[in-house]
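Sharing a structure here in structure tokens format.
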């Protein structure tokens, strides 16, 4: 059950020129309401922006005096620009917990595949599964890389790719995923988050190797809670599902990738 | 010639529960552009309010490092509420100097008549003409009284009136003005600022005694500079004048009081 | 402050307060029902129903604009039968007026839905005429007085004792013309405004943000248009009750629409920013009425004094 | 970043950049000319002129709304002769296109004004058809295709070689119908949108804030309606140049209107918040075009790729 809550900013760190690491005090959202990585918070971004902005939870911890959640976001437009100007001690108005997060089981072994600003929501899974997690992280170029160290500290193996080859392997993450699965497809599931074309390629590789794959999808939202039917995504059977309520994480097989 | 300027708030004091005394650093507006009391600044009041708010200049001083201007304003709606939340060190975006101010001559003797939030724009004249100034100040009730001490320090005589008699004389300022003029109508002019009904009554009394009278008028504004023709007031000859450009101070005889 | 009687009557239906939630912005109440008891509301206009289940338009369906949003959801809904079976019983667990909102592509479809809904026992039927008429070549019912009147008459003929409220589109030259036609055809109430048509383009991709290219504008940006149209309609068809909506986010906004002539007010887009918006609007409206010394919120209705 | 050629051509008139200021928001340029040289602008649509001096409507004339304003200035102006004598020579001291905006209450008045203005040598005439036609019983010219066409034809017949641009009202069911009628009647260009009609009520006094009760809505709130209408009109009458306007406050807004089909863009209400708005919009537009690697700003025009 989601609640509306004013959350105090307790940490605010730029992690590259356009990306921020923001930690919020979220009341008892983690302990009582089960907030976890992969879900999202719907964040009001100032009076001048009518709609809230959905931002994924990267890490969520029970804590005293309040539970905390880390959001990692990139400045794209007016809303995220407003958010980036918040300082420690400011409060932001948040709806949450929203959405489902990835479905994982204790003792599972996971291949985490993140692209760009899609890497943060997987961080919580990296830190939960540690030696049972392998991460493939893709970025446009070396200067866009975020969270590499955090992932390296947590995971068994981390593969870095960049589109232009300026860091790690030259190329897209799906090629790296293919190489990994060719050697070892013994994963409980692939958990993927990133731009839609990346998810589509990763889903295709996963299907080819018969590895279950969950993808975290994005769509433009209004309400964030399932009331407005704004955030539809097309499902393979011709129906619609909603990112905010049925997702953001979907089974890759469920999604209609051809639209 | 008006300019657009970001001004730093250097003083911010509530002077009653809904009224604030705000001092701004206004660059060289006083020394170079002649900013003075009775003119107004057009103040941008936050991203959520499209239009600027006109606020009269109560006091204007040349100063170092920057000239300063005191604005005294009452919280009415969203815009002034935003303004009231500014703190020392914040900046506000201002257009000015705008409007004309009262026409006064050195050595003149002035009867200043202010009602409510109309008292501030006359303060500069009180402090300029001091022993040559007599002030009549009207308020709704004792708890709304502002600036009484400042006026008493400056002026030869100060008459306080309240609508409900809770402080000073019981009744409207025009009755007080009449009493004064009956004894002594040797004033260069009456300078009046306040709600329109008050100005109308004061203008009538002034006309009766043959004393020149200038009134500072209010009208809803958009541009503040004379471009939009929004802030029209009806003139006795059937034409329109504009508060922002031709005013806010008009000769009382010029105004069509019957509309 | 004295206690204000908030109850109002809309086309014979008593609402315990004048605040209703707008069709399509509140689903069937399940989601926002997690935040507060739906009995706080005067009523709910349910998500627009069609005779058969519809998946709606392809995404993206939402674009933000200055103090507004564009949507092209396009009547995604489970169909009128599923509503009656699964949603209506849930809503009936709460104390609020249930207003079913319906769209058809032929007058017959409107008729069938009205029959089903009146039998199922909704409190009111809101007839959305902003949808294209397939028979008249896709022309929207809401833009032609004759078409609007035809749909209204059919709905009335099939709704039994359930009041029929017709929802007007603002995308017209003269809304009073449509209002009069619908009134003459027997409407028990009018609701307005539906969304204004708008567009937003992503200047980098050069694509419209909405997959349908254009969509419906709602939210605070449209409030002044809504107030104007409610006022015009209430002058043109005096006595016909109006559910006012369009951009309401504060008690003052609701009061404006009521003064302009609305008996009750719907809150829509404001819910997206603040799930509690309808409750806050209600409380602010009550406070405003109390400050003005009104005994009943209904005393606001039509109270504007034009110059 | 490469230098973008900002010049555009609107109905044969070369503007050194696509940013014009909107009629009624910039007077005759004197006031904002205190802030910067008017030669910074591509052009100015002057305050609406009538045949004879007019005092306009009684105050209050301005009301603020969410991200918009309502105005009921009502064509206060010194009359066309005074414009030609006192204002035009001042404007001619600067390097910008001078577009005279005219309103008449009969077709004849439009004709006389066009004659005077073409003789005086303005660069373009913008024919405002949002005003009521006294002969047709106060019906606005802009809401009936026949009336709009009539005014256009008369204006063209009297404007000599000066291009005639007709300014469309958004308060219509189908703006393409009016656009086509005006195009067929010989308009050299279209400008849109004029203001949407709206209202705001002071809930304490119960009075409309505007003395005229209703007024015209402009500012960012209307941008999505403007983009939609420019797109519709540019599809309906391809090839006819469009001056787009309505809510432009940023370079991105101007780019949206150009992509939707406008050859140039007017900035209006945004000036009230920021006198430098037109200059900023121009610079942001130039930057945006440069980032996209465009050689000419004109390459944006009509570039939207609908789904």
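Side notes on the structure shown:
The letters A, B, C and D name the chains in turn, as written, and every chain counts its residues from 1.
Just so it is clear, a residue touches a chain if its C-beta (ideal position, glycine included) is under 8 Å from a C-beta of that chain, and two chains touch if they have at least 3 such contacts.
On a predicted model such as this, the values are computed, not experimentally measured, just so you know.
Between subunit A and subunit D, the least number of touch steps comes to 2. Judged by contacting C-beta pairs, the busier of the interfaces B-D and A-B is B-D. If you average the CA atoms of subunit C and of subunit D, the two centres end up 34 Å from each other. Computed from the mean C-alpha positions, the centre of subunit B lies at a distance of 46 Å from the centre of subunit C.
For this pair, subunit B with subunit D, the centres built from the Cα atoms lie 36 Å apart. Here the CA centre of subunit A is 56 Å from the CA centre of subunit B. Annotation for subunit C: residues touching 2 or more other chains are 63, 67-68, 219-220. Taken residue by residue, subunit A touches two or more other chains at no position, since every residue touches fewer.
Under the stated contact rule, the graph of chain-to-chain touches is a ring, a single cycle where every chain has exactly two partners. You'll find the chains touch as A-B, A-C, B-D, C-D.
Contacts from subunit B toward subunit D in the complex involve residues 1-4, 44, 49-52, 95, 219-234, 238-240, 245, 259.
Taken together, the subunit D residues at the contact with subunit C in this complex read 63, 65-68, 70, 143, 171-174, 196-201, 203-208, 211-214, 217, 219-225, 227-228, 231, 247, 249, 252, 255-256, 259-260, 288, 292, 303-307. Within the complex formed with subunit A, the residues of subunit C that make contact are 24-27, 30-32, 34-35, 47, 55-56, 58-64, 67-69, 71, 73, 76, 209, 219-220, 269, 271-276. Across the interface of their complex, subunit B is touched by residues 46-48 of subunit A.
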